[in-house]
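There are two complexes below, and they share subunit A, which is joined by subunit B in the first and by subunit C in the second.
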Partner chain A sequence: MIVVELGKLFRRRRTWLTIALLNLLPTIVAVLLAVTGIAPRPGQGPAFLSAVVANGSLFAIAALAIVLPLFLPISVAVVAGEAVAGESQAGTLRYLLIRPVGRTRLLVAKLVASTAYVLVSVLTVAAVGFVVGRLTLGNAPLSQSMVSVSGTLLTPGQIAWRTVLAIAFITFSMLGVAAMALFLSTLTDSPQTATLGALAFLIGSSLLLTIDAARPLQPYLPTRYWLTFVDLYRDPLLLSGVERGVGLQAVYVAVLLGAAWANFATKDITS
Partner chain B sequence: MIRTEGLVKRYGAVAAVDGIDLDVRPGDVYGFLGANGSGKTTTVRCLLGLVLATSGEVRVLGQPMPKNAASVLPRVGALVEGPAAYGHLSGAANLTILDASGPAPQGPLGGGRRGRRDRVAQALSLVGLASVGRRPVRAYSLGMRQRLGLAGALLRQPELLVLDEPTNGLDPQGILEVRTLLQTLNAAGTTVFLSSHLLAEVEELCTRIGLLDRGRLVVQEDLATLRAPTGRVVVRTPDADEAHRLLDGRVEVREDDLLFVRTADAAEINARLVAAGLRVVELGPERRRLEDVIAERTSARAPGEVAR
Partner chain C sequence: MGGVIRSWRWPVVVGSALTIAAVPLVLRVLPVGGEHDDAAALLQRIVAARGAAYSGYAESTGALALPVGDEFNDVSTLLGGRTELRVWWRDDDEWRVDTLDPGGERSLRVSPSGSWSWDFEDNRATRAADAPAGTVRLPRADDGLPPALAARLLSGATDAQASMLAARRVAGRAADGLRIRPQDPQSSIDRLDVWADRESGIPVSVEVYGRGESRAAMSTTFLDFAPGRPPEAAISFTPPPSARVRISSRFDLVDAIARFSPAQPPDVLRGYPRQDPLAGTRGVGLYGSGVTQLAVAGLPGRRARSLDRQLQLAAGSHAVPAGTAVDVGPLALLLTRPDRSGIQWLLTGTMTPAGLSEAADELLHGQGAPS
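And now, the complex of A and B:
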């Protein structure tokens, strides 16, 4: 069933179109930076953009920082929101269930497919960012060191494995979005409702992060630690935010998936 | 094959299905009749484990549902409330996905990936879709989608077919083809549970009837019993006055040139009429039509009322 679901997702033109669009914004930013040479001053604009003008390879990380706050969660919410509600809307859900596919099995397959989508899109953004960065923003030799966020130098080897960690962290953060959208997807027969519901949840969370009065809530908001992946490029490595982020996402994922399963396993399928 | 006891399904305060005791026997072509909103589809969904019954027991192929869905459903093919498919894929691709999604036991239902292409091709040719090629389902007509839905139900050569309005959207030729197909399958041992509101279809095809009225099963009987002779003979003759006089007292009702005669022996009546030189257009034992049975057994509905 997992293979079937992966096939359904990745043999669909729409999936690749979404991933292509996801890469469009970082590419535009890279081209603009290359043409104008105007980088934001350190500490302003998306993370790492000030560094990429000197070293195009770093644009892989900058590209992730660009799509992380909005575009990546939107595409994840679209895919995961579609997972069950899309089948339900098309009427194919009932035929899958009487084939029979166990309900838990179907949900797990949908979850794995959504996770695979998250991983593929994050990796694609990093890879495209790397290639585009090198093509447009200077071909500094790969062996060149990078100035860390703390101001010291990081060797290319350190950058590489920290980038792997960053990709893993971002993927895991997006699983929280996927779990939310999947849960809503089991509640409604309309994929759009599930997607928009998940986005409303994230936008609400982002909004509360900007309000001082909401400070007691902030450590528990799902988007709170997303950008802490920047800490992975500090020297020495600062892991407290990343660790808290992973813990918080794990709780959200577990609770939301549990709710999705509890709802879907006993739901009357009337679509 | 299908047995329910006191099956009840409530949606809030409304009982969509209100205490149904179904009994479908092996080899039946069971016609499940009822008006729109009488609970047919809800019952079908309960049988297949899509909707969980509020109370009552459901047994399909002798096993409790939905508890044993994993071992029962591979032996059942179904069409529930219209066909459904992925619009951007071809019919064959849709069937391939369906085939790959479920279990692949050994035996007559059997086989995994190796036989898949053959099973899909066979199911498509059974319903007359062998030559549609790679066209996406989005571009199919309603009738073609219906055929694809049937192909999906037949994919694994099930012992029991549960079909909800299978001829919906088909042209007369298509209806005839589906009827022939179902008769062939039934002759080969498949039990068919056919839910429909088309009396003509059920009368042509079915051996047993269950009639649903507002969530209750009001009739469950062999079609032959329901349509048994009424003990009267119907005579149509242009010489109705003379015939009425000749058959003194045995004519119960007269409608212009139609006489309803109380007797079991149609041949005797025929002989007497012909001997008297009267012209007879039609003559035969009166049988009740399914339509009459239904009108008799179901409560009257206000005009415009669809469901409760």
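And now, the complex of A and C:
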């Protein structure tokens, strides 16, 4: 069942088109930076973007920071929002469930497919960002140390495992979006409604993060810790924000997937 | 049977969600226990812990919207916004404080031989000579740390002003609470709430309230905290090869006023003796201690006129007989009209508006001696 769902997802042209579009914006940014040499002023623009002009390899991380606030969650919400509601809209959900397949197993398969999409998207953005960054913004030897956010030098080995941690953290953060879209996907027959619902939830969270009056709520907002992956490039390593982010996302994922399971397992399937 | 199986799913999910949501709430209201009941002893403990070593991660929040331009951006953010700080404090002469931004970091590392400041996004390292304690300077990120803020504001506190507050968990550790209510009628601070780590006595959370305000004008608290001496390696710094390295002269606007002000503030103002000025900083006068502090400087005409225009446009600005005043919570600013020698005095501090006006009157009536 899982293999079937993965095959369906990655055989779709739309999936790869979404991933290509996801990579388009960082590529445009890298080319513009290379052509003009004008980086954002310190403290402005996405994380690491003011530093990539000096080190093209950093663009892998900058590319993730560019797509993380909006484009990555949109693509994840589109794919996960379609998981159940798309089958329902196409009238194929009934036929899927006629097979000797339990609803919980089908939901797990959809969840695994969404997770795989998140992982492939994040890895692709990092890889394309790395290649584009080195091609356009400078290809210093890979054995060269990188300056950490704190001004000390990180060895290539340290950079590698910290980047693996950053990719894992961003992937896990996106699972919260996938879980929300998947839950909404079990509530409606319209994939667009599920996607927009998940995005409304995230936009609301991002908005509340900018309002001081909402401060007591902020530690519990799903987008609160997304950008703390930057802490993985500080020296000494700062893990408290990342740990809080992982804990918060784990709660959202558990509760939303639980709700998706409770609803889908008891739902009347009419289409 | 199927209906029974179906019926338990939603209650299980909703129950689990409510349980998870309740955990932080329960941890917050859970009594800490083993509280001190002697405010004077706790005050002594906090004072004794001054300069003790620690490390941690703190968040400071100010509600003071300062009417200042871009050149004082760091100060206005510190006093009027949220600042995330990471600190390693070996002793008062050797420490590191990082100001964390979502995409970067500004770090200040101080050692007996001098200081390094590092700005990641600007790729710039700046070396500065050691600044003697008591040097007149603008507020910096490290001033917003709970131990530093408590040390500054508790410097004149007495046992009679102290009372106990309920203990709290701060950064997951038991912390005893102390409230200081100043009895100085000229102070604009209504109360100061300090929670000190039970194990070390180091202040881990501080809230400052202005008179008549229910919301803290400034609060700072540790989210992670560990008493004990951090390793030297966490503080040492060598500029990375690609960085732009500068040698700072430490010469900013405050230095300029301190050194070249056309007048010297008086030795006594509103009954407060002037703190001993360091050599070369006689142009700025500092008065008071603890929760009542006042800084005074004489400004030359062109600078004063520019500041006057800025203050008149600021929210909360109003004319007083002595000049133009701005009240920003418990922090008050007043720029006098020119005195007989053409000098305009800038007064700022934690004094009531009435106290500040009276101090301005005292200056205008010739107490400040032209240098």
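In this section, the second predicted complex is superposed on the first by the 271 of 271 C-alpha atoms of A that agree within 3 Å, B and C clash if a C-alpha of one lies under 4 Å from a C-alpha of the other, contacts with A are read in each partner's own complex, and residues count from 1 in each chain.
The rule is simple: a contact is a pair of C-beta atoms (placed from the backbone, for glycine too) under 8 Å apart; a residue touches a chain by one contact, two chains touch by 3 or more.
Every value quoted in this text rests on a predicted model; they were computed, and no experiment measured them.
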Fit-or-clash call for subunit B and subunit C when the two complexes are aligned on subunit A: fit
Computed vertex angle (subunit A) for partners subunit B and subunit C, CA, steps of 10°: 140
Between subunit B and subunit C, more extensive residue contact with subunit A: C
Which superposed partner A:236 touches (first subunit B, second subunit C, both, neither): second
Partner chain(s) touched by A:4 [first = subunit B, second = subunit C, both, neither]: first
Which superposed partner A:227 touches (first subunit B, second subunit C, both, neither): second
Which superposed partner A:90 touches (first subunit B, second subunit C, both, neither): first
Which of subunit B and subunit C A:12 touches, first, second, both or neither: first
Subunit B versus subunit C as contact partner of A:102, first or second or both or neither: first
Which superposed partner A:157 touches (first subunit B, second subunit C, both, neither): neither
First (subunit B), second (subunit C), both or neither touched by A:266: both
After fitting on chain A: smallest Cα gap, subunit B-subunit C, Å: 7
Doubly contacted residues of subunit A, that is, touched by subunit B and again by subunit C: 266
Residues of subunit A that touch subunit C when the two form their complex: 42-43, 45-51, 54-55, 65, 147, 149-153, 212, 215, 227, 230-231, 234, 236, 238, 240, 251, 254-255, 258-259, 261-262, 265-266
Of all residues in subunit A, those that touch subunit B in their complex: 1, 3-4, 7-8, 12-13, 90-92, 94-102, 266, 268-270
Residues of subunit B touching subunit A in the complex: 45, 48-52, 69-70, 73-74, 76, 78, 80-88, 97-98, 100-103, 152
Of all residues in subunit C, those that touch subunit A in their complex: 6, 9-10, 12-13, 16-17, 20, 57, 61, 82, 86, 98, 100-105, 107, 118-123, 125, 223-224, 234, 237-240, 242-243
